[in-house]
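These notes concern the structure reproduced below.
Note that the chains are named A, B, C and D in the order they appear, and that numbering of residues resets to 1 at the start of each chain.
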């Protein structure tokens, strides 16, 4: 008996792309968020060609200029152009976000997967993760920062470590679930070895939840980095990040509110967009994993 | 020739670790000392209700669960004591079909990947050129269009997925298939198709089968011999004809009488309400069935009966076998 | 229930010991001589030598740890380099501010988060739901310090309704009215956390709404409000209770920032200042106290959990 | 209860089409069909439990005790639920709220429909548990659902349903999740309670054996339509629709030796597939050309209703 099937209409490639965009169908806000993120990434990459001024150039005569035709977003107390600094800030945001995602997903992902699959090592590793999770996130970051110099790479590492524990825990839970799936049993019965089960059978099922998790980590990292900058323990003060801009201009806000508005709004919009994107993507996830993802 | 010989197989699970050192952990004796053999090309069914340990038997024999005791040998070769690595080559011989066709296929792998994986692992074929025709052939044998190879499992219905699972197993030409409730998740009309397919493939290839099911109708159709399990033990085992025509354990009789019948003439009179299956975590003393048994005596609550031979190959574990009349003859 | 509690408390001991080791080792992770670090930049070599002897820094690390631990258990967390007073009293000084701040924040979170989340869930799919969940996500995306600064700009600088910084104790002049100093800080701190609770309550109520037993409740002919309250909300609370542990951690993190923005004399600001002043004994002490508090909160959450869900404690 | 031309859709997808049946007091009507045939949705629609889902009732009338209950106000409808008509579900494991005691869940039903005090209601609850043969009812009232077995929970569900002496009980696959020996007990219990109280029962099942053993009349559903309806005896003795005939012969029988089953070919269609003509024609061995173009009308022969161009005896 032959079974009638619907014909294959799409090729693998177009299907991949449309699958990726599928969560955004019918979600206007999330689509706007995605568009905003793409725009920010564009600004970040092409910052030198977009900015009218050097973000570090001091212009004492023009200090605390209100937003206008020459300086779109005004200037700060050194007369530096806020617009240019904001654009360069996007660079820092992108760098910190991607760096944190990379650190936490690779290290945390590895720890989580290995712990769940090889339970003996796992019980030790997960205890370490538990201990680290006993420290509230920003506090852990603050303490770690006292051990390091203030620099971009150290900020990434420190925030990365904080989310490594969360990611490890989440992956641990998901791999434990997948490990008990019948298709894994079936693979074992076919004679598939441990490594292959982990890489060929379990990992591919984790890619979408990991992407969703990444978007939330990206968003959280922005807030953490801004808080660290604000407390004077994040990026070196000379680097134009949104957090540093807010931190420096804090005492001038009553005179120059634009110094508070523009970088603040940029942080909020980026984090909000990333959360929207993550939320939309999570809704299209396999329901088994929805509760595992720690997001907004 | 005996293909599979299982002797005194035990699979216990620790459900609660004892806090006091020295005190015994709380264990669930899912399978508690069962022995049976399967001849080459024979189909042995294991029936029983949920929690009787029938699935655990299958999972232990494929080493998905670790056995607590006992031995099992395939063509004379003991394998329960082997390490997983030693056992891996032998997996080609012992294959398993699972109950839920929606869960047993990896959602991220195409049908081709799923069916070709075992071939590659066991070195039966390597290049795609070699593998493709084999898969195409296998897929048409299980009643699927070979052109569906590039599709993913979610594009198929339950019955079709179970056919794919069967293809994955049959392509290794194993000598023993352990089928764990392979049709119970399917609709009636689809169940019949898959049963016919299994039966056809079994008789064509001569593969032996351990068929695990709760459905006596399905069991009668497919098996040569039947073993009835209750709370981790075999209470009756014998050729199909003996079990269905002359069920000798009260539990077997209860099972048969409980089946809802279409034909009023075949309907058993009302079964006496006799409680529910006890939990394997907390089994009754003596014969585990005695609290539900209409013929139970004092002896039954004290001593667990051993299997005794009734006729050639027909064995029953009951103290009072032959001492009571079944209420209705089917 | 009692056995469950004891088991649960015992289970935290190893984590607590490991955490204390990490905090202890922290001093040794900083490059340089621990005694010199502890005494600060102005220390003379003699003072360093005395402290080295006194702390037993010439002894093996595990002996030092045991000694530190013994002191801890006797309530001795060391001496602040900056203030030259016991760390415990530094912490005690900030406790009132941080305690009231936490309390007021919790009240905001519960009063705002739970009802709004419940309303959004019962109005699922309507514009009310869409606006609330969108607004909640927006609120969770605002950096705490930015919100704090903005609230100061509007309510303190602009309108002059509320004080912009500081907090005099309620035991000083002004009494309970002094709590108004904490109004803006607690709102700042509550906003992102209440937002998370709103989304969580909504999500878990929507999950519970799909459960079979809710269908059973409806088939009994119960009024929808009763179904929503007794069956949906009550069961959704289980998931929400579990989240309060995380909320506490987030609260601590954000309190550090908030207390700095509003110049509140609390424990959070003490941490930041101690870090900037390299006052390591205080850092160690505060972190230890926070970790212990965090574990106590998680313990309480688990107990609440087992009380809300009969399946848990009996297992 | 009289159900007339009930239709249900999800979005623009009709999933139940023009379903009509009636049920008398003291009788059991069976609705049988495979997964996705719309049998459960039909029962949920009758109970008014589809609110808040994507599923919409598009047409039809449900006459219960003289009034069309699809037209009455929401609160009047609610007053009927539980008191005049009650329902039990397939999953006894998840149909009881895990955080409340058994007693409270029964009492909730009693208090909803009767002006009695809590103590009296608790007493009634204990009596109900005794009626569904739960041993030691007083202490069981204090149990939580997870402390009971599946069979016991289903008994509790039945006790809840019976709390206000309904005249109609809808049982949606009440024994599917249970073991066969427990199933036999629950079916016996339902039968006894029905005889005692004289209520009408709608039993929904995929198991022809269960239907045959418990029902007076049967409606067979396929893809949202009733393709055959008549008395149980008539249906099994003389099935007219090829689908019914196919179902009957595809059940493996524990009481006779068979070597091969006469399986219905093809697969159960999903709800979003569109099939022209008779929905069963792609799987039907009697299908002729017009089956694929022309949907058959309901034909009545004596008390036997069927939807088929070529009913079995005519074609064989």
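By our rule, a residue touches a chain if its C-beta (ideal position, glycine included) is under 8 Å from a C-beta of that chain, and two chains touch if they have at least 3 such contacts.
Everything numeric here is computed off the predicted structure, so don't read it as measured data.
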Q) Considering A-B alongside A-C, which chain pair is linked by more C-beta pairs in contact? A) A-C
Q) By mean C-alpha coordinates, which chain is most distant from chain B? A) C
**Q.** Distance from chain C to chain A - Cα centre to Cα centre, in angstrom
**A.** 23
Q: Would you mind pulling out the distance in Å between where the CA atoms of chain C average out and where those of chain D do?
A: 53
Q) Once you find the CA centre of chain A and the CA centre of chain B, what distance in Å lies between them? A) 49
Q. Of all residues in chain C, which are in touch with two or more distinct other chains?
A. none
Q: Quick one: which residues in chain B touch 2 or more of the other chains?
A: 160, 193
Q.
Quick check on chain D: which residues sit in contact with 2+ other chains?
A. 265, 267
Q: Enumerate the contact residues on chain B facing chain A in the complex.
A: 59, 62, 64, 88-89, 91-92, 94-96, 98-100, 103-109, 117-118, 121-122, 143-145, 148, 150-151, 155, 160, 165, 168, 172, 193
Q) Which of the residues in chain D end up touching chain C in this complex? A) 47, 49, 52, 78-83, 86-87, 89, 91, 94-99, 108-109, 112-113, 144, 146-147, 157, 160
Q | chain D-touching residues of chain C, taken from the complex the two chains share | A | 209, 211-213, 215-223, 230-231, 234-235, 238, 308-311, 314
**Q.** Touching residues (chain side chain A, partner chain C) in the complex
**A.** 29, 127-128, 130-131, 134-139, 142-143, 145-147, 219, 223, 226-227, 230-233, 243, 246, 250, 253-254, 257, 260, 264, 267-268, 271-272, 275-276, 279, 294, 296
Q | Complex contact set, residues of chain A against chain B | A | 1-3, 5-6, 8, 181-183, 185-193, 200-201, 204-205
